[in-house]
Amino acid sequence: MKLKAVIGLEIHIQVNRAKSKMFCGCPANYRDAPPNTNICPVCLGLPGSLPVPNKEVIRKAVMLSLALGSRLNNHVVFVRKHYFYPDLPKGYQISQHRGPGMAPIAVGGSLEIEGDLGAKIVRIRRIGVEEDPAKITYPYGDPVKSPYSLIDYNRSGVPLIEVVTEPDLSSGKEARSFVEKLLTLVDHLGICDPDLEGAFRVDVNISINGGERVEIKNIGSIRDMEKAINYEVIRQSALLMGGGVVKRETRHWDPIKGVTIVSRHKEFEEEYRYFPDPDLPATPLSKEMIEEIRISMPELPWHRAERYVKSYGLSQYTAKVLVSRKVLSEFFEETIKIYSDASKVADLLINDFLGIVNSRGRSFNIVKARPQHIAKLLTMLDRGIISIKIAKMILERVVINGEDPEEIVMREGLIVISDEAELEALAERVIRENPKAVEDAKKNPKAINYLVGQVMKLTGGKADPQKISYIIRKKLGISANSSLQ
Amino acid sequence: MRSVNLINRPIHEVLEYIRGSPELLIEYLYRLYERIERYEKILRGFITIRPSEEVIREAVEANREGKALAGIPIAVKDNISTAGLRTTCGSAILKDYIPPYDATVVERLKRAGSVVIGKTNMDEFAMGSTTETSFFGPSRNPWDLSRVPGGSSGGSAVAVSAYLSPASLGSDTGGSVRNPAAYTATFGYKPTYGVLSRYGLIAYASSLDQIGLITRDSVDAALLLEYIVGEDPMDPTSLDLKVSGFYRIALNMGEKTDFPNASLIAIKEMWEGVEEDIYKVVMSAIDKLVSSGFSYDEVSVPEIRYALPAYYVLAFAEASSNLARYGIPIYGLKEDPMNLPWDEYYSKVRSMGFGREVKRRIMLGSYILSAGYYEQYYLKALKVRRVLRDKLLPFLRRGYIVSPTMPVKPPRLGEAIEDPIKLYAMDIETVVPNLIGSPAISVVAGFTGSLPVGLQIIGPPMGDKDLILIGRAAEIIVGYYNMSPQI
Amino acid sequence: MDITIERLERLAMLRLGGDERNALAKDIAEILDFFRQLDEVELENVEPLFHVIEKGATVREDMTRPGISREWVEGSAYRVVDGYIVGPRTIVGEERESHQ
């Protein structure tokens, strides 16, 4: 039995780059605030409060629609989506929907990804603007065990842009490619910083071989999404192959157990009673406004990557990683204004630099380094003032603390030791102190590395390992032609 | 010290005396509180009355600071948010709700120097036409204590007509300001939709609701309007109406004024079902106007017959949505949520907190909006709305639509409330302007026996100023304003 | 009426007592009949009038403004624990007992 998975995604992107919430003036960034301190009558849904739409979020939604090639509606229409839940203070969410008198901000469009079998066009079904509900946590960790819930309205009303795809995806990997590309796009458009906690959530719809659709709700990371999809495909396939039938249901992903579980939260019977919000008469979206937004759109990430490949001769891969975060690509461009070897800059940024950022939670907020620091570091390397090892060692301090690399090198005497005599002396000492290693090295040239390492330790990393290796081999009478690596 | 009884004077006269005279202001307020003390237990116009010391202190301060309204008190319908002052909507579910913010209109009045004296009784969540669905019990009509004062802003009308407050804020979704104004011989004004900010008005039906004024006469309405109109960034449906100088015109209108030769248009279908004695009183008022130079015309708009069902479909639908928020454990009626599944918690609190009429409307409203019925009822009602608007705007461009405000005399307590359709039918005249977004007023047409009868005049959207001036003309010509019931 | 009172209760998140239900069922049937008058109007080619305000909703600039303090919430909510508002359990209740 050939099993074909059909997957569609609903991605909710938090417009965390907005200053204020979707319908009120509370700050959109609630992360550092203690619970229930980022609230007002509107986002609490107090009686008598009224929503006033955030113009900038609408602009950004239009921008995203243009970037995806979607068709914009000629009005912005908000609807009320009713369901009762403690995280929804008004008993309805202000959102968008397709129906009589109602339309999302845009429909159609597409995003091309590297699919499992080559390039693939993933079609967009619709793009909508809505508000985030509040956040519920549980005193005993999960809803079943907890006798009550804990509600924090800080997040209530934060702007969301929803992107819904057609079921054009076929695997967890393809889903990952899609979401990564979409997140890069919203990063570059100034809509969302994807590395902030809660920046996006995904609902996945999967069916196999035309069977019933299962929805997995509220997945918060790309990794979890891919795992959940892979698991669910296996689960459904196993069911089918065993002669069973897949039930139409809602599940959620348990990251600890690594499985999808049926939701006990079958609260709302999906009777959302959508109707156009009578507090928000439809606002016209004029052609002039759309044109103005189109003209002011930032460079799209894939165009930027192409530009890097063409102008700087970078590889596709390098360019792709550089544009994966807008702030990284901007850092790159600023750096090459001062230091012209684009390849070297790119290489450092996408490897060591990015590695440091990713190891510390992925947010570029922690980066204190400035482009001139990187330029200086590379210049020192070029001139042989410092070794690669030293460069790598101080990079972290440069990135995290914003220390000037030249100052570090001067202050701490990290200049490379090139004095032959000094190196010879150190080599002799190491040879003297490690007779066993010397024996090993004479038998197996690879063991030289240990001795080289010892000398490097003595120099505090400030020497060229190749030079040391040469000196040691000379002293031990080992041919330079023996393979060392 | 000279003593003046300002109790039964309209605000524009009271201000002449109390501006710069805090002593007269204090005397005035004492008299008001005296009357409240004496009559409130029978009339029950208020749900919450602020302590006199507080009100007098604030009023005197505003007076001393030279503010425009010089400490004039105002009664506020209990569905309008007042910071720190209980706001119940006449419902058990909000009986202890204390809002953290003022409605924009309240804030503007306070800034102009007015002081909130108390919150007035109303039908629960403004759903009703007699003030009998209030959780706090009904109010009584000062003109006949066995009868209702109208609704849903019944308490606001009681306060003004019984001289417990010189003016009130009410709200009007399908007639809730004009209905009690008509029944208590006061002046009632519902603005063009959007002219008064709805921020802080606890919603019943968002596309129909407006804050309205109940005053002793139309000049007071013109006066207060200056301080409360203007676009509000907190209300996405608010409009900008410019009113400077218009109060002066209203004030200076007198018997000798040349009245504008306005056209009065009666739509036959709006007069169907009007009681005989009401008809007579209203027609005689219109006759007086015609004698003074107004023209009068009768036309037929058969679609008017569908205004009432269209209105109720929309009102119920929007109400079910606006009331979906109640039950949340942040404010209002609450229980211990511990161990209760959320759907049980919510349905328990809501069932305990809402009265029967509210429950009826919420259930029907939810039904109307549900899949499969949305087109059948809600969209259809919206289409009828467009038809009515298209048919009526041409009339409103050339004249004013007139009708009795109410088709029947104020019912006796308990009479109307049993039969829902009969109750809804009371709104037959008043729902029309809400549906099409037009301004409307009720002036005193006369009396049948001792019971007041109102004349409703409807104007074109944004024509509020001229409408109030026409109201002033009508008051002067017909001869009834600032009427005093014998309690 | 082709919808049960039970379903209406769920939609409106209400739970009625036996007498209330019967009275309401009758009222609701009557009122729906009253609404059906709308079927008599000729509405072919008429667009619904969703709002009387034709200029659209006013929008706002992306700016912050002060909100309300947590103190108000703490004074108003049933219970607040470490700043969180305590709410009911987020699982559905058992099936309700059928009413007599």
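First chain written, first letter: the chains are A, B and C, and each begins at residue 1.
Please note the rule applied: a contact is a pair of C-beta atoms (placed from the backbone, for glycine too) under 8 Å apart; a residue touches a chain by one contact, two chains touch by 3 or more.
All values reported here derive from a predicted model rather than from experimental measurement.
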Worksheet item: Of all chain pairs, which one counts the most C-beta contacts?
Response: B-C
Worksheet item: Whose Cα centre is nearest the centre of all Cα atoms in view?
Response: C
Response to the item:
Per the C-alpha means, the centres of chain A and chain B lie apart by a whole-Å value of 55
Worksheet item: How many Å are there between the centre of chain A and the centre of chain C, using C-alpha atoms for each centre?
Response: 39
Discussion item. On a C-alpha centroid basis, what's the spacing between chain B and chain C, in Å?
Written reply: 24
Practice prompt. Two or more other chains in contact with one residue: find those residues in chain A.
Written response: 41, 44, 52-53, 84-86, 91, 100-101, 147-149, 267, 271, 273, 278-281
Discussion item. Two-or-more-chain contact residues of chain B, please, as numbers and ranges.
Written reply: 97, 100-101, 207, 233, 235-237, 320, 324, 327-331, 337-339, 342-343, 346, 366, 370, 379, 382
Discussion item. Show the residues in chain C shared as contacts by 2 or more other chains, in ascending order.
Written reply: 11, 13, 48, 50-51, 53, 57-60, 68, 73, 85-92
Worksheet entry | Residues of chain C that touch chain A when the two form their complex | 10-11, 13, 48, 50-51, 53-70, 73, 80-92
Practice prompt. State the interface residues of chain B toward chain A in the complex, per the touch definition above.
Written response: 79-81, 87, 89, 94, 97, 99-101, 103, 198-203, 205-207, 233-237, 317-318, 320-321, 323-331, 337-339, 342-343, 346, 366, 369-371, 374-375, 378-379, 382
Worksheet entry | chain B-touching residues of chain C, taken from the complex the two chains share | 3, 5, 8-9, 11-16, 20, 23-24, 27-28, 30-32, 34-35, 37-41, 43, 46-53, 57-60, 68, 72-73, 76-79, 85-94
Discussion item. Under the stated contact criterion, what part of chain A meets chain C in this complex?
Written reply: 18-20, 24-27, 34-41, 43-44, 52-58, 75-76, 78, 84-86, 91, 100-101, 136-139, 143-144, 146-153, 264-267, 269, 271, 273, 276, 278-284
Practice prompt. Flag every residue of chain B that touches chain C in the complex, lowest number first.
Written response: 97-98, 100-101, 193-194, 207, 231, 233, 235-239, 303, 305-306, 309-310, 312-313, 320, 324, 327-331, 334-348, 350-351, 354, 356, 359-360, 362-368, 370, 377, 379-387, 389, 420-421, 424, 436-437, 461
